[in-house]
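Chains here go by letter, A, B, C and D, matching the order in which they are written, and residues are numbered from 1 within each.
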Amino acid sequence: MNRLFFASDYASGCHPEVLKRLTETNLVRSAGYGLDELSESAREKIRQACRAPEADVFFLSGGTQTNAAVIGCLLKPWQGVLSAATGHICGHEAGAIEAGGHKVLPLPHREGRLEAETVRNFLERFRADESRDHLVEPGMVYISQPTEYGTLYSLRELTELSGVCREAGIPLYADGARLAYALGCPANDVTLPDLARLCDAFYIGGTKCGALFGEAAVFPRRGTVPHFFTMIKQRGALLAKGFVAGVQFEALFTDGLYERIGRHGVAAADRIRAGLAACGCPLLLNAPTNQVFPVLSPAQEEVLRGEAEMTFWETLEDGRTVMRLAADWATRDEDVDLLLEAFRRCADLR
Amino acid sequence: MNRLFFASDYASGCHPEVLKRLTETNLVRSAGYGLDELSESAREKIRQACRAPEADVFFLSGGTQTNAAVIGCLLKPWQGVLSAATGHICGHEAGAIEAGGHKVLPLPHREGRLEAETVRNFLERFRADESRDHLVEPGMVYISQPTEYGTLYSLRELTELSGVCREAGIPLYADGARLAYALGCPANDVTLPDLARLCDAFYIGGTKCGALFGEAAVFPRRGTVPHFFTMIKQRGALLAKGFVAGVQFEALFTDGLYERIGRHGVAAADRIRAGLAACGCPLLLNAPTNQVFPVLSPAQEEVLRGEAEMTFWETLEDGRTVMRLAADWATRDEDVDLLLEAFRRCADLR
Amino acid sequence: MNRLFFASDYASGCHPEVLKRLTETNLVRSAGYGLDELSESAREKIRQACRAPEADVFFLSGGTQTNAAVIGCLLKPWQGVLSAATGHICGHEAGAIEAGGHKVLPLPHREGRLEAETVRNFLERFRADESRDHLVEPGMVYISQPTEYGTLYSLRELTELSGVCREAGIPLYADGARLAYALGCPANDVTLPDLARLCDAFYIGGTKCGALFGEAAVFPRRGTVPHFFTMIKQRGALLAKGFVAGVQFEALFTDGLYERIGRHGVAAADRIRAGLAACGCPLLLNAPTNQVFPVLSPAQEEVLRGEAEMTFWETLEDGRTVMRLAADWATRDEDVDLLLEAFRRCADLR
Amino acid sequence: MNRLFFASDYASGCHPEVLKRLTETNLVRSAGYGLDELSESAREKIRQACRAPEADVFFLSGGTQTNAAVIGCLLKPWQGVLSAATGHICGHEAGAIEAGGHKVLPLPHREGRLEAETVRNFLERFRADESRDHLVEPGMVYISQPTEYGTLYSLRELTELSGVCREAGIPLYADGARLAYALGCPANDVTLPDLARLCDAFYIGGTKCGALFGEAAVFPRRGTVPHFFTMIKQRGALLAKGFVAGVQFEALFTDGLYERIGRHGVAAADRIRAGLAACGCPLLLNAPTNQVFPVLSPAQEEVLRGEAEMTFWETLEDGRTVMRLAADWATRDEDVDLLLEAFRRCADLR
């Protein structure tokens, strides 16, 4: 693949510091299933970064799997999960939550964010409904940080959402597939300890943030989900060589690598945003993290699809196309330059 | 972990040739989900090794996941899967098949092998049962090559089993978690093309055979399972960075590495078997592949558990213990020497 | 319960002609599971009424069960079911479809009806979506006749919807929980043979239409769902005494009883609608079948809830309440009179 | 069906006293879903008969459904259910438990009974197994009273089994599909209050014991299963006209009808047993309730299948056939006479 590649943030192997650590430990003989010392060291570093010394931490291989396992284990059989209608679990996971027996209850959103007021109103209507014993009970709230639109929950927003959940006695879970690009974003004010304090579960994304694969599911309070080890085994999500994920997270949480990765990706996206603004290309919305959503005319789309790999996002009512560009730890300055040149060349195509 | 480690064959990272290939391709930008050129190259090499040019090949991250996905997709909702009672899916996958809605129908075995006659008799009894519409229909046959006891199906046995299945119109599926140790075993006469010809699905194990993780599910006849891509996405088994698995299988199927790995593990196990025989330690059974099952007196068990990591297998009626020793591509001669010394030292303990 | 009861159409036992037939056959000794002669006679009468001589007909005990069984068997594991957002399966079946592993894909509606154009557009967008292999595939269409709002599909509308489904190669299924009140409605132009011709599956409701319990699932084309007998056994929906359902449907399809039941319920509802109009009580919408949806001021609601059993439907934005009144085969003229008197007495309460 | 019918105990409608009560209440207008006064009266009578004033009681339509709902709700997702290998849930419910996601763990039995020692040993082996986190955890025990072989647990046996379960902290559940024929059996010493005291859940069978349909699931301790109402709705097992089941159980628990029904069925079976003994026909085992298992030569089988409806049970190794004869509340003396005459006529056929 020689072309400019901005279609996703999971297009390269792993960050060189991760690869170095994998290479160093490659011939160590370890116990399986994450019961080894390297995995324990990674878990301990994550607990410290989250200031959650009691946290249960598990490494799984991918995001859809992690969402399905955590949500499936937090919900009771008669419950469903509340999510912004744009949530990844709503549409883009091939029905994984439903295949596990649970309904996703979609709610209106603001630029991908679920607002506390929206959740509160839904819960109140549910409790007031005389036929509620015939309905799916809302049993937890799912959010993404950053959201699928690259936007961020502020600390105030997350605190409110957490308050609504705690008042209702239902868990709050945050999908952190791209969490590095929140933590490394200048506009962000939600830290890992904040997530650990305000959420009942969240995951720290590895696949899109510097690892070959792997996500770290964190339950800040020990014992939140009983027998989670057996449950992920049952779901085919328990890695025999758990240490391969553990070693990678150990590297990611050494010397601030995880946030450095985030900063690099966001800085690259900021350069793209600035360049697009300079050549008059509108964006779908003003998201501050590693994803950029330019709005293209049909003529621009045709030209630019030939120049760079991008992801189709949606078609607007006026016929224009929204594309998604993603930057990550591996994005090179010279590729951003070439991309912006391509945009500039067709700035006047309508 | 400084101690002698024979507890499993998934205790090290990946074979150096695999790591080299991962390192070389680490910064290549690729499409996700296995739709990249490196994965396609790996699939093509597997098709050639199997002499199955039309085969559908998918990379998944682990064995339980692969078994659950393949079996769940091959069975109809009213069907169950026939397996030797010792089959991995019967006991050691935390109920993954049942969690997917299907019954495992356990059958008697011979040293871990399911015999054609046993399957034929079961199918005949089912068809003759007047209440069969109230029963779980046997919808496929699951075997392992090598078996959980390290034994092998001969080509004759596999051919007979395949014949029974085809006559009944039900698929035959082989779990190849340790397939390298069958292919690399002098006693083996079942080749990859044989498996592709006689089975409707099988998987080529990577996790236990030289990869960091990964199994290659092979359906020799194209289109055997419709929408398998979406099904593994739904099950959380679709790797975003599919190329990380693809690159590893590309290395494993280059220059005969997969069989070399198998030969190394079997040779190490052969040395262990010879050494145990020399010091009079009995084995549970005479399996020719990379697993060895010594029978220990309580006193021997106590001593040897302090010397080496082994896996508890079962307690015999006479009170002696069966342990499981596994060798693999990374087993070193000097460690085998130290292990055999330890056994010799306690040969007379009863 | 001495009070006026208009809360549901499943509040009495069975129509006297059904009870008579149950009594006559009570001591007949029959085979179980619907394999008896009385059930076969009922199935044959249904086939004749539908002019579908090849139809597979099964008796199940309730509507949620029938929907879950039929939908679960018609969908492939990677598919979901399209439904009006007001469809009974969307909200009021406690997540039964999702518990069976499938997503309900809700679509906009017109007074409870799903329009052909809406379905066509959704299917086109799905097919054009570049990430469709990561999405739930729309695998069938669910409608209700009459709808949850008491409205009816016209023959033209149903023909169009059927055309869209057949073009797309996906089945159309009609929930006929209240089908008698469609067939017995003067405004209706969709006959049983029309349903059998245009749908791939539908059910003829018994529970709300004169039976103690029971629904007849009809697949007009033989073999539409293989092993449906075993599937309903697995779902706990196979009645050991299938003949008790069979006998009831035999009675319902003798001497036009099923349509007579419908006509009675609709006539009672028509009287209610006329009476409400006369005293100025507005309706939510103008539905022609056995359900009536008066809009009440808070003061009216308080008074009327004390006079009659009704079902809360929803709260309008202006603070008024919509209630649901249901008539059925057992609704008595004198009760309608008393109900209308009660409405008249509080006609001026605001 | 004019022939002698001994094939099952679910071949007639309902006991005349039940039918009378259904007829009397047929036009009463009641709330749905078992929330009516007649159902509450039935529940109260059952609580009194069980001396379990706090019991939760629910009416479901059939046995497979009740087993699947109760077991599915008592088990955690990582658990399976222990059962005698002959248990109804093991084989004859089309995989309903597995379709709900749980493994049935079959154990050896004695004439259909599961012994306390067998369960204790299994639980101990499980707890001692070093790989138990990869296994299905035994989460409850399922038994049938009477068993599938018509045998009975004695009070001593049930007390021991209950003790093992309570020590292990897992629930004990009894399938009472034919419970009337235990309660009405002279050899029985387990009363309803015993069941309520020793089990965590059980069901009182209606379908085979005098009702048109219906089983009463009893949880002696209130709140044993949270949201069971919603769970049975989700499983399609909530009857809209719950009162139709309620009225029947109200009749069954009035004036000792339930035990009278049991006594009648057992007395008829006793007459059959005595008659078979008199003409030298051996039985598979000596069960004291309403089922009889004669062992027939091939020649006898051929003749007798032409004379009476019976159920095929199994083929013995010596080629003889075991049939199952069932008596019930509706079995007539003259039919027993005719049946015994037929047996006598072919007593000498070998």
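Simple rule for what comes next: a contact is a pair of C-beta atoms (placed from the backbone, for glycine too) under 8 Å apart; a residue touches a chain by one contact, two chains touch by 3 or more.
These figures come from a predicted structure and were not determined experimentally.
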Legend entry - Chains touching both chain A and chain D, listed by label: B, C
Inset, instruction - Would you kindly count the fewest steps from chain A to chain C, each step being a jump to a chain that touches the current one? - result: 1
Legend entry - CA centroid of chain B to CA centroid of chain C, Å: 51
Legend entry - Chain centre separation in whole Å, for chain D relative to chain B (CA means): 42
Inset, instruction - Can you check how far apart chain C and chain D are, centre to centre, with Cα atoms defining each centre and the answer in Å? - result: 34
Inset, instruction - For chain B, jot down the residues that touch at least 2 other chains. - result: 77-78, 93-95, 99, 101, 133-134, 230-231, 233-234
Legend entry - chain D residues within the chain A interface of the complex: 72-73, 76-78, 101, 133-134, 137, 226-227, 229-231, 233-234
Inset, instruction - Report the residues of chain D in contact with chain B in the complex, numbered from low to high. - result: 77-78, 80, 91-95, 98-104, 130-131, 133-136, 311-312
Legend entry - Of chain A, residues touching chain B in the complex: 1, 5, 7-8, 10-14, 16, 19, 22-23, 25-32, 36-37, 61-69, 93-96, 99, 207-208, 212-213, 230-231, 233-241, 243-244, 309, 330
